[in-house]
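Next come the structures, one after another.
Below, subunit A partners subunit B and then partners subunit C, in two separate complexes.
What follows is the complex of A and B.
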């Protein structure tokens, strides 16, 4: 048998197709920047050139020098923040990718993400750290979040398996139920940030230390500063993901061990899908539900299991993001769903549902977010330009198969020429 | 063109179906009267007897085919194409169709008849062109050729048209079905209504019948793909009526499914992944939930070797990229190699060329001779007559006759298939 050349391998072609999508997305973004720049007198061609440079290499932007030109170099804060923001994207990306592998379109990631966020916030802010060590509370919160997400994901799974209700419809419904339920639950909870008066719509950060105190027989919650004469009943909060030394590498950023946890989970999912009988079953159900049933694989059980696992993954994204201790949850969510949930879809598409590819595509997406931020910071451009780029990439991801075939044809054409 | 699967609107009348797409209108109103006259004339002239006012869903398949032919004649077509027109007909209806086709040819029409059934080709055609794997092989005059020569052209080498087999040596009962009921997909009525039969070791029992008389549902009921609504199924004395599919397969049913693309294979899996579709959870292929890739590869290489499954890249070939014959060979290899007491083979040769059919028939007979019980469901009369040791004829969800292929004729079989004749099996059993 003739040995396949590097470019003829299906895997290589998939990666190339993704790169083509990214490249075209970047080009489209650059063209828009150019058009906006040329039609705006305050930007001009010079401004446009700066914008394009920032879109491509915003991650390395360090600011402006004395002469007003852009300077580039290793920016530890940008790098760290990119990794930090990639965590929820990796998890929701894995969630969507797992569903796709099993033939289910999990558009319910936002709802599962919310369910996970809510459960982990409740556990981390309610379990008294004066009794249970903080690291254990952190672990409990993560697991509680994943459990909540699994239950939330299992609902559309059950509906699909036993009542044959389309999972996309059921997922969209459960998304909005989650949004409103979470809003309502926090509304009646005592976790609303009342210590900082301006933050009325927010929940405490998990790292906030809350002391339940009794002053003159009246019970109340105060921060770390305990007023004199108060008797501390319990201490809550103060839970945050361990930095694992990453903060010293990427100084000035929000990065923490969550990224390592996310990568570990991605590897576990990769192994499950490619090496275990469970993964084989899920893929068989996804590729041909009828053949799977014919072979005695319990397709219904697998549908529920897939959705529960996908839910747990998306929920872990929410839990890891908010357990970081430096992010606050805005609980008035009833009008919108978390973008991290939906962004899992392009992340999975771009990675062609490969769990390890998801890590890279999620990091890439969060890099684009950083680029957008730099664009706003350093130029008169709006950060939303990066959303345009993401949108173009998503469109092209849908055409990935066509691009793959096109690359294949190019190769064939060359072979004939020889 | 008469398609293999008719293109008729079930809830329309015959007349409406015939004029559909070529309606004469006046001021937007359909001129049914004129159309009726023309159709009646045509049907008289060509001897195509149809009931113009009946709804298509209520008429027989044979009449539906005549409707399709009338549709072409109504449009004054000169060239008529018949794509495998006999697949759904009883032997009597086939004879009738042949006569109609000859009549049409006499009237000056040109007929293109697509078929893989050699005896029909020999009977009705004037000239035969053979295609093999998309290539034109040659054209011969029917008078100057024989069925054997045609099959050689179709396959590329000599083919044995009649299966060579010794008399059956039936042993003890393997499959026992008592008063089985299976609901139809539409859940309006039972598609299988109280079927009882036995299959013993070392015999091939064939379920014959015209497509759509409950054979598929019977198989679904036996294999567990559909729930049985009543009755009892036993394998070697173990009741499996309500067992899940995996349990049935472990109890001893291997199953060559009717639709190899829908049920038989995961087309986007590799050949080796398809080989372990039922068995991947056995300890020989997994340890603590982790797949033993090396052992699966070895197993797959052995099956490929033993059963001569041909594919581009061996074990890692995508099932989708294989030829139909080799896909079927792969399924048969998988099912036979599991070495279970009952082989359930549903139309195992559908859509395959003569060479592949010969190979599969030989394997099925070999299984029987090894002492397996074989239940064959087939729509091909040649296959039924050639391969089986006992024939059960199904008509409208019931077994209407049990025949011995050595003592019966195709004509008699046809009468049972059409429901014109039936045995009272219950009386026979008690007698």
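What follows is the complex of A and C.
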């Protein structure tokens, strides 16, 4: 028997199709930049060329030289931030991928992400670190976040399994309910940043040290500097993900051990999906719910379980992002949903729902975001072009099958030529 | 009370128009999850049209002369433009779903991601901020009907009907109602509508009777896009002072829920939209809501957190769906790519 050639393997074709999607996405972004540049006299062809170079290689941009030209090189801050920003994307990507494997389109990741963010912020800023060690508070916060996300994700799961409500619609509704609920709980909480005047719209960073003190019989909260005559009742906060030496490799960036945690979780999900009964049952439900039921698999239980797991994963993304200790949560979020949640969709689609592939596609997405940031910093363009590119990629992944077929035809065409 | 009815209509009318947009797509067999994105795109294009035409100064004489008809004509043109652009945008979905047999859910999601991205990209370049406003003036002074136009003085009150349906309303709202009625009749009482609906139930059978399924599905999706685009523009015109910021806060998805709740039928949708419009209206203006006109703000005095009111429309949607989903009957062939060889 003839050995199957490298290009005829299904896996290779899938990866090729993803690469085609990325390429076309980048091309579309470049074309928009070019058109805007040509019609805008202040940008011109030179501005457009700079924009295109930044879209493709923004990760390596280091600024502008004395003559005003763009300079490129290894930028450790950009690299580190790319890894840092990939963490929530890996988690929401895993969340969506897991849902897709089980035949459920989890567009509820933003709401689950918010639920996880809120729960972990509450735990990390409320549990006194003067009693419980900070690392344990960190762990408790992460687990609390995942629990909250699991509960939030289970709602559309239950609605889908027992009342046959379209999970997409249920997820969208729970997203907006989460956005309002999170705003509400933080609105009435005492975690709003009142110590720094300019940060009034934000929750404290988890790394902030808060001291509950009693001054002349009046209870209040102060920062690390304790005023004279005050009696400290409890100390809260001061919780942050360990850097694990990554900050010395990528100096000037926000990177921390969260990326390693995320990769570890991705590996665990990969093993669950490919090596356990649970994973097999989930995939069976995804392939054909009724056939799975006929084979003795409890399809309803599996739907709820999948959504709860997916919720926990997306929530862990929010928890890991804000537990880093150098990010602040804008709490008045009732009008907008976190983009990290929605971006889980393209991450999962690009990775063809493979948990290990998710790690790579998430890093790619966060690289695009860094490119967008550089575009805003260095040119008159703005970061939204990144979202255009991502949207084009999602659009193309809607007909991945057709693209794969085209790739197959190209191969066949060549074979005939020989 | 007049305020409550007026505000409810402001939310309910775009909602039912966009829900009808969903019906047109799904009845032809295409799941249009992109309603939200199309609304965002239509809203942006409508506002851009208003802004650009204002910049050219075409309707400035009409404004200076207080020519109501001229200004309403201007508004109508903007609505048409938004509808045309919405139709154009929805072609992306139609092409992927019909010609490439793509996954319609993912295709719709792509459009939902694409619209805010493109819109914000251009808003930032045009306006150097994240909101695109009118070139000059505001929506109320340009497009709103006011009692002074009908000879009422500042102190005089119109009667109940007048203050509910004439004072401080946008003609655009009534145009939408008219469009809703006309389109519903087209869907149910014409040969075209009947053929379109048949493609959403059993496209192979329709094809055997000589109906061009591909054409019908294109028609359904494009009409859907036009209605959603128009709805998006009217929504931002009446609730956001004719400004676009790349967001309609899940309104397109609410419309989808209204469509399912309304069982894909125009009359039910109309009632469902009024219910949701009422909740949206309460959420938006509960603190100044004086229901029976005794000067007491009942809902404000209940002292419930704002965010509870804000999440109400979405919670109600879920509850209503939970109760109605068992009896709802979606078009049979929706979401399934048309395959002529399938039996």
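Methods note: the second predicted complex is superposed on the first by the 417 of 418 C-alpha atoms of A that agree within 3 Å, B and C clash if a C-alpha of one lies under 4 Å from a C-alpha of the other, contacts with A are read in each partner's own complex, and residues count from 1 in each chain.
Here is the rule we go by: a contact is a pair of C-beta atoms (placed from the backbone, for glycine too) under 8 Å apart; a residue touches a chain by one contact, two chains touch by 3 or more.
Being a predicted model, the structure only gives us computed values, none of them experimental.
J.: Just from the overlay, do subunit B and subunit C fit on subunit A, or is there a clash?
T.: fit
J.: Mind working out whether A:177 is in touch with subunit B, subunit C, both or neither, as first, second, both or neither?
T.: Once the two structures are laid over each other on A, A:177 reaches subunit C alone.
J.: For the superposed three-chain arrangement, provide the angle subunit B-subunit A-subunit C between C-alpha centres, rounded in steps of 10 degrees.
T.: If I round to tens, I get 70 degrees.
J.: Looking at the overlay, what does A:275 touch: subunit B (first), subunit C (second), both, or neither?
T.: first
J.: I'd like to know which partner A:36 touches here: subunit B for first, subunit C for second, both or neither.
T.: In the superposition, A:36 touches subunit C alone.
J.: Who contacts more of subunit A, subunit B or subunit C?
T.: For subunit A, the partner with the higher number of touched residues is C.
J.: Taking the superposition on A as described, I'd like to know which of subunit B and subunit C A:64 touches: first, second, both or neither.
T.: neither
J.: Looking at the overlay, what does A:296 touch: subunit B (first), subunit C (second), both, or neither?
T.: A:296: touches subunit B, not subunit C.
J.: Looking at subunit B versus subunit C in the superposed three-chain picture, what is their shortest Cα distance in Å?
T.: It is 7 Å, taken between the nearest C-alpha atoms.
J.: Please report the subunit A residues shared by its interface with subunit B and its interface with subunit C.
T.: None.
J.: Could you please specify the touching residues of subunit A with respect to subunit C in the complex?
T.: 32, 36, 40, 105, 107, 159, 163-166, 168-170, 172-177, 180-181, 183-184, 187-188, 334-336, 342, 345-346, 349, 380-382, 384-388, 390-392, 394-395, 397-399, 401-402
J.: Which part of subunit A faces subunit B closely enough to touch in the complex?
T.: 1, 275-278, 280-281, 283-284, 287-288, 290-298
J.: Once bound in the complex, which stretches of subunit B touch subunit A?
T.: Checking each residue of subunit B against subunit A gives 223-225, 244-249, 255, 257, 262-269, 273, 277-278, 280-281, 286, 289-291, 313.
J.: Subunit A touches which residues of subunit C in the complex?
T.: Touching subunit A: residues 33, 92, 96, 100-107, 109-111, 113-114, 116-118, 120-121, 124-125, 247, 249-250, 253, 256-257, 260, 305, 307-308, 310-311, 314-315, 317-318, 321-322, 325-326 of subunit C.
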